[in-house]
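Please read the structure below before turning to the comments.
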Amino acid sequence: MEDNILIYVRNITIGFPNLKTKDIQNVVKNISFQVKKGEILGVVGESGSGKSMTALCMMGLLPKDVLVKGSIYFNGIDLLGLNEDDLRRLKGKEMSMVFQEPMTSLNPSMKIGRQVEEMLVLHEANLSKEERRKRTIEALGQAGLSSGETIYDKYPHQLSGGMRQRVMIAMAMICKPKLLIADEPTTALDVTTQAKIIELIKEICEVNGTTIIFISHDLSVVRKICDRVLVMEDGNLVEEGSIEEIFTNPKKSYTKKLLKAIPIIDLDNKIEKQNVSKEFKLLKPTDSEINSSPINNYKLDSDRILEVKNLNVYYQDQKGLLAKETMTHIVKDVSLYVKRGETLGIVGESGSGKSTLSKTIVGMIDNYDGEIILPNIKPQMVFQDPYSSLNPVKKVGWILEEPLKLQTKLKKEERKERVRQILRDVDLDEKYADYYLSELSGGQRQRVAIGASLIVNPEFIVLDEPVSALDVTVQHQIIELLKRLKRQYNLSYLFISHDLNVVYQICDRVCVMYNGEIIERAPIRELFVNPQHEYTKKLLKSVI
Amino acid sequence: MRRRKKNISFYLGLIIISLVIIFVVMGIFWTPYDPNGMSAALKNSPPSLAHLFGTDNFGRDILSRVMVGAKTTFLVAFFTVLIGASIGTIIGALTGYYGGLFDEVLMRLNDGLASFPSILLALVFVSIIGTGKYNIILALGVLFIPSYARIIRSEFITLKEKDFVKNAELMGANDFRIMFVHILPNTKPIFISSVSIGFNNAVLAESSLSYLNLGVQPPDASLGRMLSEAQPYLFTAPWYVIFPGIMIILMILGFSLLNDSV
Amino acid sequence: SGDKNNVDNEQTPAADETPRTPRYGGSVVVGTLQDLDSLDPHKAVAAGTKEVLFNVFEGLVKPDESGELIPAVASDYTISEDGKVYTFTLRDNVVFHNGEKVTVADVIYSLNRYISLNKQMEPVLSNIIEVKEIDDKTIEISLNETDTELIGFLTIGIIPNEYDESATKPIGTGPFKFLSYTPMESFKVVRNEDYYLENTPYLDEVIFKVITNTDSVIMDLLSGSVDILAYLTSNQAKQLENDFNIEEGNMNLVQGLFLNNEVEPFNKKEVRQALYHGIDRQGILDMVADGKGEIIGSNMFPGFAKYYNKDLANLYEYNPEKAKTLLSDAGYPNGFTFTITVPSNYPYHVDTAQVIVEQLKQIGVDATIKQVEWATWLSDVYSARNYESTIIGLDAKLAPRDVLERYQSDASGNFVNYSSQEFDEVFEKATRTTDDSEKVAYYMELQELLANDAASIYLQDPSLLVAVNKELGGYTFYPVYVQDMSKVYYKE
Amino acid sequence: MNTIKLIIKKIASLFATLIIVSLITFLAFQVIPGDSVLISLGTNATEEAIEQRREELGLNENVFVRYFKWLGNAAKGDFGTSSQYHIKVSELIGERLSITIWLTIISVVFVLLISIPLGILASNRVDGWIDRIVVFLTQITMAIPPFFLGIIITLIFGFILRLFTPGRFYYPAESFNKFISFMVFPGLAIAIPKIAMVVKFLRSSIIRQLDTDYVRTAKSKGHTRAGIMYNHVLKNALIPVITFIAMVIADILANSIIIEEVFGIPGLGRLLVMSISNRDYAVVQAIVLLIVIIIVFLNFVVDILYQYLDPKVRIK
């Protein structure tokens, strides 16, 4: 083995025993690859193709009943042959990992600061308490969490999706490991933050000689930072090569398909079906727009499905039992509306209050003032974090069937049929109906969540980062599905995403959120062509 | 939630419980002797071929008594847990989910019931509906409610904050469905252990009631009653205590082994 | 050490096969199965309390081991010919535990206090017209009507004049002085140095320890934390044989299956008699007490030898066939069902009930047992008479009328609802007569009446088994409930 | 919510509970047959005597009048006099309460000290041999009725090992050391089945947590098994167990009767049983109320702990 090889994965097969049929289902099939020291290796591929499983396998973190064949050499040591203690010594210090799902991967009852700091406690025992704290806050800051001091004392559920992701990154990098496996580390980050993080990763790689395995769906990011790429499909390693080779001269049909599906913002081809151009250049909604009729006996414009007026949302913070409660003002004086058959996009900085806004709209947060008018509609919501928003003890089939049971009078057979249909729609095999969520990949879970919200064709759906964990082909398919349903049933969406490509493809109008406020709103094309606010300009610069 | 493999405990539990059930069912149709038949000549005779488990202080065949006693004990424990767990779960679910004044009121009642002396409660039941097996079931069942209510409530308090619950609300599930279809299955591991512990407690409570003479009335047999009757003969006729004791242990052991691996 | 010659004749330790020299001093723990209900000798009603207080209080007279009443605080007494005047002469040297001498005033105060507190419960007392002082050594009790048995009630404790702290700091004249009492725990007494009998008692200290859990009794005895314990079961006695002396006496109880004579079908004499024939009393005795005890046939126990009618024990032989015939004659060819209500705190009675249930199956009678708490028994069975049958043991004071008076038709203790004019008449005569042999004859007749009528099913007088530390001697049985510790001593 | 407000609210609701429970106890005494008069008069009772005694004790008054009289006195701190022992209830209960509380503390200490490590040990390697042994042992000990366990412990420690004298109880005032060294054994007898239950409960709660993603994260940090257990799993796993332990404590407190009987400990439990059978209303009432106070307090502590353990939960 060459000296400069850090990781050598040889003939790895990962299989799950199926309790019912008693056979073994291989989710990673006999793959081999090598990673050089200091290299950044990108791993792309179909959702559910075994990327995360391979990564977990390297870290020795697969569930207990999994069967693994093959060997993984780290610096010449066979990881699979190591005993528990020796393997443990490598973890955290020598190799660390950013997990795909940051919500469930953080301990819900432990403060963020302590969770990050723990790395130092475990691996740099000589540090004093103050030093540890300093380093922790520093690491959080590097990961783009400038207010490290306040975040230190928060619990995971008090952070936004992107903030959690950055916490995970800070945690994985704080000890400057030799190998960093990052499984979709930037899915929940807005492009500006993403750019910052990627800079950081690159820098770390250069300064510390860290080797990085970077699993991502975002091919443009992969292209930007990786040296080499692996392409996976259905458990197989279909192609391997340098960035140039793969992106310019793909050999395998899957790779080609993947590259073709990369969404490109083609400003000229965007067909303008909407007649909303009047709104152009509005920083704040005009009075006439909001108060189109007197407040007292307000009736919603028949074509408006949602109207939000001067909404302020707060979170209660209580530090310790005896402390007084304080209120944090998160969403500040937000007004917006969604028309029937329209898709309103919300983009914005991570932690700016997008999820908070959407949760308030669907009625999950009570601490608000202002008005939310949602006449006679049951909005559905796709949560940013699909894993925790779906019932963990139920099978996928049950979860998908539940809304049908609740909202339709379909017979059992019809319901089953609908479930099969929606599974196909979101590009999941029917067999997954029999799976628990814990047995799915990140992207598969996300698709289940989308399926569950779409299955009854609700008039209005709030989607919070619905496609962040999907590979571009599936992403494309989902977006097409959403568009089709929208046309077919005249659905309306409130679509939150940091992925401007996606936003561009699906949204009719966009609001840009920054620090709890809507700083800009415009029809989609206008926004891209002619951004007004500084932040918006910055956002767009990092894409186009 | 991961599917867990069925392991040795499961099969061991299955075997034990099957044996117990066979034993009990057989006792319904046939016993080697009349379980209440006495004989002065046979008083306290040790196990022999004629009396495999020996005889008690009335010369009654212990094997026959264990057979019918196991049935009584099993039924009492089973229904006690059924009553306690079902009502307790409902109360725990409602209070945990809704919280507020409702919770406050029911939980205070619950505290009251939990602190109310069980003997006094049993006496009240006895005075209202008389003694006997069914009365014990009712009294014990009521006594068991608070513990289930507490445990399920505490589970609900944590679970109701989860996003999947909020999501279920959005899907249009009514409170009832959210509580019992969405949240409840998530309490399964805790619920299962409390059922198993409850079964156990019920068997023991039955024997304690017999010990306090409020349980099954003589000459009817129950395992608990036999144990407490056997107590004075611990040294002179140890078989009297050993066989019902083994039966109780088997019953509880089998049940919880089975339970553990569900 | 003790000097045998100085010991009063009457106080000689009862027959111990190999009398060894008693030693003075030492402390003994006596287990009692019932907590004390009051320390006031005039208020205590529980047998278990009287047993204990016997050591602290003495009456004008007190019982000896043969059931005779011997002088105590009084040195002598006479009963007038017509049985209406009792005259007592006080003993000279009796002092209270507080050091004061017992005077006539003390006696009069005590008797009056007792009478006023208890006359409703013991109607006999209302027969007393007055208690008066004759001189500083003599008192006289005069009665309304003739009653020679009243002497049996004069065992009541003498307490200091106007003393009203008996409930917490009892002061008596008995061989032991009260030291302390902890409810549910123990009652401690110490030797009374000034007791009027020289060299009595032997022990320095006696602790009556309340043991409510009969199941831990064996452990307590074996571990040495209890020296004397009465009311053992035959099984417990067996287990203790090696480590303790097991003394056997009589319980002096009438244990019976008492039938409510007013409810169907027990209102029919034939049915009651049928049950008698259908119950194998010897079988019960063998089963529950390994044969220890004595079969009885009426409401009187053998210990009361003078009045006991022994011919009745076998009046009804065990004969299921005859029982069945009687039942069909009475209109129950297929038997009947009934409930036996048993106080659950008496395992002995519960066991007896179990055997009876089994035996009665032979004659087609189906009995079920209902265990109740003592309080419930008192209210439902005894007081409200709302029951079909019950098993209980009846005890009595040393007066034959006390044993039998409850069977008078209108007696308040007549919980079996027995009603017989003949009985009432004979009872009247028995209590009125002053002639002793006539009295005995009447009482024999009363027992016969009860037996012939099968007023209830009289089963047995169980034997009283007492475990006594092998180091101890002098344990004495009485025909009434007492634990006389003044005769107990450590052997040299 | 402000903690002081919370405490005030809890105290208010405690009083409500006390009133409800005392009323229920009172009514229970109306339902069950027998009364203290009959008990104290025994078989000597005549109707006149009973009537007179009832009159003296005010038992002939209307039930509610009696209840409110009791309530009024109780509010002034006067819980009445024991009908059996003719002494003040407070006096009768005083020392017994401390004995029972000691017994409870000793057994709870046993439960906590043994069951938590044992539960962790067992779930450290689920289905490993230690786990199997622990599960098996706990299962068996769970199945032994308390009175029986009491006897076995007396036999083993009292007769075979001679570590204490069965039946020879010492008051704390007599000798505190002897008191404690005696109480250890009944404490053990109470604790053993509870230990088994807590182990079982804790084990299943831990197993549930071990399956979660955050544990995976902790593993990736290079924690040892023990480190994961103490720093991550335990806190989350304890949430349901805390409730259970509070229940166990309440149970020990309220139901140590049988053990007190077997070991001859003059505690509250025994007093309660005796008082119930003696229909000694005042004593029973006072004991029940004491237990209520302790249980409500325990549950309050649990609620507070909850908030501490699960940051998402807020006491309202």
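For reference, chains read A, B, C and D in written order, and residue numbers begin at 1 within each chain.
By definition in this document, contacts are C-beta pairs under 8 Å (C-beta built on N, C-alpha and C of every residue); 3 or more make two chains touch, one makes a residue touch a chain.
The structure displayed is predicted, hence computed values, not measured ones.
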Pair of chains joined by the greatest number of C-beta pairs in contact: B-D
Averaged-CA centre spacing for the pair chain D and chain B, given as whole angstrom: 20
Centroid spacing, where centroids are CA-atom means, of chain A and chain B in whole angstrom: 48
Distance from chain C to chain B - Cα centre to Cα centre, in angstrom: 44
Residues of chain C engaged with two or more neighbouring chains: 215, 345, 373, 376
For chain B, residues contacting two or more additional chains: 1-2, 123, 127, 231
Interface hub residues of chain A, defined as touching at least two other chains: 438
All chain pairs that touch each other: A-B, A-D, B-C, B-D, C-D
Footprint of chain C on chain B - complex, ascending: 36-38, 40, 43, 57-59, 123, 127, 130-131, 213-214, 217-219, 231-233, 235-236
In the complex, chain D residues that touch chain A: 1-3, 211-214, 216-225, 227, 231-232, 235-236, 304, 307-312, 314
Chain D-touching residues of chain A, taken from the complex the two chains share: 56, 59-61, 84-85, 88-93, 96-97, 99, 101, 104-110, 118-119, 122-123, 155, 157, 168, 171, 318, 321-322, 324-325, 387, 438
Chain B partner contacts - residues on chain D that touch it in the complex: 13, 16-17, 20-21, 24-25, 28, 31-33, 127, 132, 135-136, 139-140, 142-148, 151, 193, 197, 200-201, 203-205, 207-208, 211, 239-240, 242-244, 246-247, 250, 254-255, 257-258, 272-273, 276, 284, 287-288, 291-292, 294-296, 299, 302, 306, 310, 312-313, 316
Chain C - residues contacting chain D, complex: 35, 37-38, 45-46, 120-123, 167-168, 182-185, 211-213, 215-216, 219-220, 222-226, 345, 372-380, 382-383, 394, 412-413
